[in-house]
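Okay, so chain A shows up in both of these, paired with chain B first and chain C after.
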Partner chain A sequence: MTVELLSANHAAARAAALAGRANRAGRGFGGGVYPITPQTECIELLCRQEFEKGEIVRVESEHSAMAVCMGVSLGGARAFTASSSNGLAYMAENVVSAALYRLPIVMMAVNRTLGPPWNIWVDHGDTLMLRDAGWIQFYCEDNQEVADTILLAYRLAEDARVLLPVMVCQDAFVLSHTMMLTDLPSQEEVDAFLPPLELPHAVGGKPVTVGGLDFPHETEVHRREHHEAMLRVPAVYGEIQDEFERRFGRRPADRVEAYRMDDAEAVFVSMGTTASTAKAVVDAARERGVKAGSLRVRMFRPFPEDLLATWLRGRERVAVLDRDLCPGLGGVLWSEVRGVCPGSLVQNYMLGLGGGDIRPEHLEQVLDDLLARAAAGEPRIVEVG
Partner chain B sequence: MRSEPLLCGLAQSEDDRPEPVLRAGNTNCGGCGMSIALNMFSRAIGRRRVQMVIPACCGIVTAGAYPFSAYGAPVVASTFASAAAVASGLARVARMNGEPTRVVAWAGDGGTYDIGMATVSAAAERNEDVLFVCYDNEIYGNTGGQRSSATPAGATTTTTPRGKELEKKDIVGILAAHRVPYCATVSLAHPEDALRKFQYALDAPGFRFLHVLSPCPTGWKSEPAEGIELVRLAIRAGLFPVYEVFDGFRTVINVEPELSPTALERYFALQGRFRKNAVDLGRIQEMIERNWKHLRARARDA
Partner chain C sequence: MEIRLHGRGGQGGVTCAKILAAIYAREGKSVQTFGDYAGERSGAPVRAYTRVEDGRITNRNKVYRPDHLLVLDPTLLGDEVVTGLKPGGTLLINSPEPLETHRARFGAFRVAVVDATSIARAHGIGTRSVVIVNTTIAGAWAKVMNVPLDRVEEVYRDLGLLSNFPAARDAYESVRFDGAPRAADATAADAAAPPAELPKVEPLVEHRSSPPTPLKTGSWRTQTPVYTEHLAPCSAWCPAGNDAIGFVQALAREGEEQAAAVLGGTTPLAAVCGRVCPAPCMEGCNRAELDGAVNIRGIERWIADHVPVARRRPAACADSKRIAIVGSGPAGLSAAYQLALLGHAVTIFEGEDQLGGVLRTGIPTYRLPREVLDREIDAILALGVEARCGEFLSRERLAALAEEYDGLILATGLQKLRTLAVPGADLVGIEQGIRYLHRVNLEGGAPLSGEVFVLGGGNTAMDCARSALRSGADRVVVAYRRTRKEMPAIREEIEEAELEGIEIEELVAPVAFHGDGRVAEIEFAEVDLGEPDESGRRRPLISERTFRVPCDHVLLALGQSGDLSLLPEGWELAEDGRLVAPDRAPVAYAAGDLATGDGTVTHAIGSGRRAAGLLLRALGFEAEVFERPDRSKAVPVTDIRLDHFGRAAAAADRHLPVPERLNGFAEVNRGLADGLEAHRCFSCGHCTECDTCLVYCPEGIIRRRTERGYEVDYSYCKGCGICVTECPRSAMEMQSS
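Take a look at the complex of A and B:
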């Protein structure tokens, strides 16, 4: 292992390259790549990597980037790409297709505000737009987590019980362009962790049509199988956490990461780097005698309803912090969390939209508001910009 | 097991596939030009190992519903715009594993001229080891007959009820301008020439593009039995030049047209799509002569 100072973009590219090379004993590695701010540095670094058995295809659009990944994966090789924001929106048709083909593609997504008007800063609305695309989704809090999650994502995606694509999401600039000490395993260690991919439905020489026509009965079965594969993810993820810890000496965070939750009465629920600020505010609140805690939803798909229900049972007040807005509804995370804890006061706060800097004082205001409430109200947009 | 000769009485050989690429049970309409093209292509493939990518179009609907498939070759049904990109991925994996697999994208005019244009152009520019075949029925056939940028001037479609005014794109000119190793038009009425081109294009390295004029009796409102005759008339009239372009420059005309106004008149008269609205054949004749002047200049200069 070597500890290096890396941006999350470079950590992602290095992890993808390690995973890609690990399949040199299999059918190799590839992917289509296309630039978009703030993801570009990831694919630039990937294009500078040497692969014994790997091809990076410089395509003309995000739509084709994912199409190339599908071709690579259907050919039995390991596939990777990265995108962000409007790029993901343009790619969306093939994002859905990759999941419906049940291909173990891994994509690093840098969360960026959708435009127009154009805004390059962090917002989770882009990947949350793809929440129903049938992909596993992780939201990361630091660069080490980005690298580790890309490595374990292949293990998870390629598990015969799963066979689903994985999106590894990280916050624009806050992580993508921020250097942190990141511990990357050696190629030998990754080789041992990621055995060669054996895709059962890879296209070979047999006259089989992949992705042809379905009538309703077959579609019902295919959708049910897809859903059941998603439902198997938590158990498989648990096994992978154990093995990752055994091999690399650090344990990937749970699907929901809990912070100072033991006796917490007021709880922040958030995703991505918002959780780092939430933890600092929890510490400060506890010094004032407020029993605060934080939950970070790391795996958003499949939705960790079981863990959230366990952690939130009996908590008096819950503030769901969304860095996204579903106009006409409220926060996407809130819309899913609110049904999990029927006994609690659950208030939605949307803050940091368009990359506004969520500072501790903003979350302190949120906590004061939460504690002063007699009942939950309409979702609130907290302007921090 | 030997099957009956499939192609215009061309001799059966030991190199033929044991079963055609397009098998019985496919759902193509009677007289579909794409069916004929696939049968010729099947003969050309012989014992080669192929993988096909077919985007959303009649070409994939004809496979029938899961778990059956009328295709006697491995096929990926891709999204509409993505055939050339998915094929690029498959071809790269075949190459990095040292496999002789020939990857073929098989798309209609919609998936080539229109929604697939950027993807095809990019794969051509990257000189991917992919054979891209466009079976051009000059219409969105699968959705019931809407105009595409391959629809010829004068044709009535469900979205051009008064007849299309604009001429179709010069798709081979566009692809040849990418300086790819091989581009050609394929005539279903000239099976020896077609077979030679299919075989050459299967074996040549890099990006190859074939353009097949593919009669669609349903969309053209023509007799299913007259498809080959229509192709022959289009060639005699000079509407559909039969030629090939090597490396973007060397242009070879394979079938000399008669530039016959009688053939042109008959080509238009046999198709209902041209009968609904008056077509100015004089204008079309001028267009044909202009195109041929340009094509001959290219063939001469090369």
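Take a look at the complex of A and C:
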């Protein structure tokens, strides 16, 4: 293992390269890439990597980037790409296709505000737009987690019980361009963790048509299979957590990461780096006697309803912090969380839309507002500037 | 520990923050570093941050209350930059100013100052215009924070920045800093620190604010383009202070009348200079980097040969002074012209029978026809200047002049001739070149024959050699103790001389002359070149190896110097050419070679103009005093977009064929065939209304004014800087909004 000062973009590229090389005894590695701020650094570094088997293809658009990944993956090789924001929007058709083909592609997505008007900073609206595309989705909180999640995403995606693509999401700039000391395993360690991919429906050998015409009944079966694969993810993920910890000495966070929840009465629920600030505010609140806690939704798809229901049972007040907006409804995270904890006061706050720096002062105000409430109200957009 | 950096796009602030992080990572600390990304265009303010902790870092916010601050660009310095910096924190500034200057302003902090820009520039990091200071200032940081230099070196090696380490080491060694904040006790420091105006946290009420966006095309603008005139190198290089770019562009765009008017503001001797000037303007010309310097001297001559440049009407002067000018060479004439133009009564005293000084006595007519010289002198006299010729002034007469006149300018040139103290130097046939030229130019010619040796390598040597060749010499040899390339003569003069058949003998020094009453042989010693002397030329070392050559005439052109013995008793030459006397101080200035010894007509013209200004100031007038422009301020060629310009060879001067030249003293250089050469001028730093900015503006918001120039609709300008980047001639720049 080596510890290096890396941006999360570079950490992701290095992790993808490690995973890719680990398949050299199989059918190799590949992917299509197209640059977009703030993902560009990641694919630049990836394109400079040497692979014994396979290559990274620079294409003319995100749509083609995912098309290349599908070809790579269908051929039985390990596939990777990265994108962001409007690039994901343009890619969307093939994002859906990749999931419906049940291909274990891993994509690093840097969360960036959708435009126009153009804004390069963090907002989760881009990947949440794809929440029903049939992919597994992780949202990371720090650099190490980005690298680790890329590695374990392949293990999860390629598990015969799952066979689904995985999106590893990280906050624009706050993670993508921030450098921290990051621990990368050696190639041998990754080789041992990620055995060569054996895709049961890989093409090659004899001619075959994939993605032909489905009649209604066939679609019903396909959809059910896709759904059941998603439902198996939590159990498989648990096994991978154990395996990862055994091999690398650190345990990947749970699907929902709990912080000071034991006796918490007022709980923040958030995703991505907002949780870092939430934890700092929880500490400060407890200093002044407020029983606060924090839950971070790390795996958003499949939605960890089970864990959230357990953690939130009996809590008086819940503030769901969304860095996204479903116009006319409210936060996307809130719209899903509010159903799992009947009896709690669940209030939605949308902060940092468009990438404003959510500071502790903002969350302290949110906490004060939450504690002062007699009942939940309309979702609120908080302007952090 | 939290560190914040302020820099500008292009200085490498984000990488600097990474270097700091890497330094602490090597100490086993946890680190985090990131840039504050926005419209990070070149020159836009950029922030970067570094956090250092013993334990795991979880804070993902920007740094609002830094423990320490680095400022990579001194123009960013202000209260806004130090906002939130904790009292007593280190404030490291890249600045050429002394520590005390900044300490006076930021006493609440521990101030450190390093001139990172100069260091980085000296190490060639970045370009001349955009110096990358990040790796340099990081070295200063290490020193201020007690980080050992060898650890810095290790980090630079790890990061692949080892080639920049010498600059970091220079900064490490030269940074100046306080041991502690000046306001040592915490309360005083608190009071002295500027109020921390952190970003406002709006109360959590139902608010829907609509931030003002006066800019219709976005909110990322940090700088706006403006049209600015920058100093052109030709004008900066001209010792006479001629507005070189002004007359060239006037010719190109408005015609010769306007061009002559521009020239007439600074010189009455453009037809002269257009013939005899070494043309430093052309050395400075940026076009040399593309396809050869613009033939500015040829253009000057072409203008002055078509339209007299001297202005015709003196200004009315209510308090006209009587001014005596001694010497009528280029310095005296230039001073006379400037003073007469302002309405003063000028009398020129000249020892020879005609005005012109060295222009008449020294420069042969094949270079400067007398009708050209007479025409320009007549134009000066037409302003009412009186000339008294034919009397060399004694010291007493000079002292009396200072009493008779309100002011005196002494421009007597270099009267003292260097001689040769070797055996046989007094033999017949050995003559000072200047005397010889005087005979050629003023005494109806000086025929000679046989083998002529000219000793020296300056313009006088070339003039002697070429005059001798035209006066009957069978063979002319210029003997010089260094090599051709060290000769101080104008390049073209050397080339023309060789073309005409003059031989050049390099690396020889005369050690004796032999002959029986009349010189018959020169004994030369071979010369070796040693280490460079103060002039930068290699020092000639005379060897023991000698040889003799037969000769019939020897002309000495070994240099001249000013003769201060003609100054009245007790007078001294002081700074800036001022002449001081022990009793009643005369209002008197020396000008030209006597004052400066620069040795060219163009320098003399500038010096005469400056002396005229200084004299008027001394007489109580609000006069403009000519200052030589700072060449380092001129537009560098790196700021010229060469690919905008098509290649076109410089228009060459026309020359008389060699066989025709040697029959007499007809003018050799016939000048340019037309004035089209002016169109090759880049117009460095001066807008020509070429429309490039207008064409390239992506918003289409630049439009021509009805009079001259352009206007930008700033309500739409998004500050992209494309117009400035595309401007072929650096006539625009970005300024902070």
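Here, the second predicted complex is superposed on the first by the 384 of 385 C-alpha atoms of A that agree within 3 Å, B and C clash if a C-alpha of one lies under 4 Å from a C-alpha of the other, contacts with A are read in each partner's own complex, and residues count from 1 in each chain.
As a working rule, a residue touches a chain if its C-beta (ideal position, glycine included) is under 8 Å from a C-beta of that chain, and two chains touch if they have at least 3 such contacts.
Everything numeric in this text was worked out from a predicted model, so none of it was measured.
If you put the two complexes together on chain A, you find that chain B and chain C both fit without a clash. By the touch criterion defined above, A:5 reaches chain C but does not reach chain B. In the superposed model, chain B and chain C sit 80 degrees apart as seen from the Cα centre of chain A, a figure rounded to the nearest 10. Of the two partner chains placed by the overlay, neither chain B nor chain C lies in contact with A:25.
By the touch criterion defined above, A:53 lies against chain B but remains apart from chain C after alignment on the C-alpha atoms of chain A. Counted by residues of chain A touched, the larger count belongs to B, out of chain B and chain C.
Contacts of A:75 after superposition on the shared chain: chain B is touched, whereas chain C is not. By the touch criterion defined above, A:329 lies against neither chain B nor chain C after alignment on the C-alpha atoms of chain A.
With both structures placed on the common chain, the touch criterion links A:173 to chain C but leaves chain B unconnected.
By the touch criterion stated above, A:93 is placed in contact with chain B alone, chain C being left untouched.
Of all C-alpha pairs spanning chain B and chain C in the superposed arrangement, the closest lie 26 Å apart. Interface residues of chain B facing chain A in the complex, by the touch rule stated above, are 49, 51, 53, 60-61, 63-67, 69, 71-79, 81-82, 85-97, 101, 118-119, 121-122, 126.
Here chain A touches chain B in the complex through residues 27-28, 30, 32, 53-55, 57-61, 63-64, 67-77, 79, 93-94, 97, 203-215, 218, going by the rule given at the top. On the side of chain C, the complex with chain A involves touching residues 18, 21-22, 25, 30-35, 37, 57-62, 64, 199-204, 206-207, 209, 218. Across the complex, chain A meets chain C through its residues 5, 38, 117-118, 120-121, 142, 173-174, 177-181, 273, 276-277, 279-280, 357-362, 365-366, 368-369, 380, 382-385.
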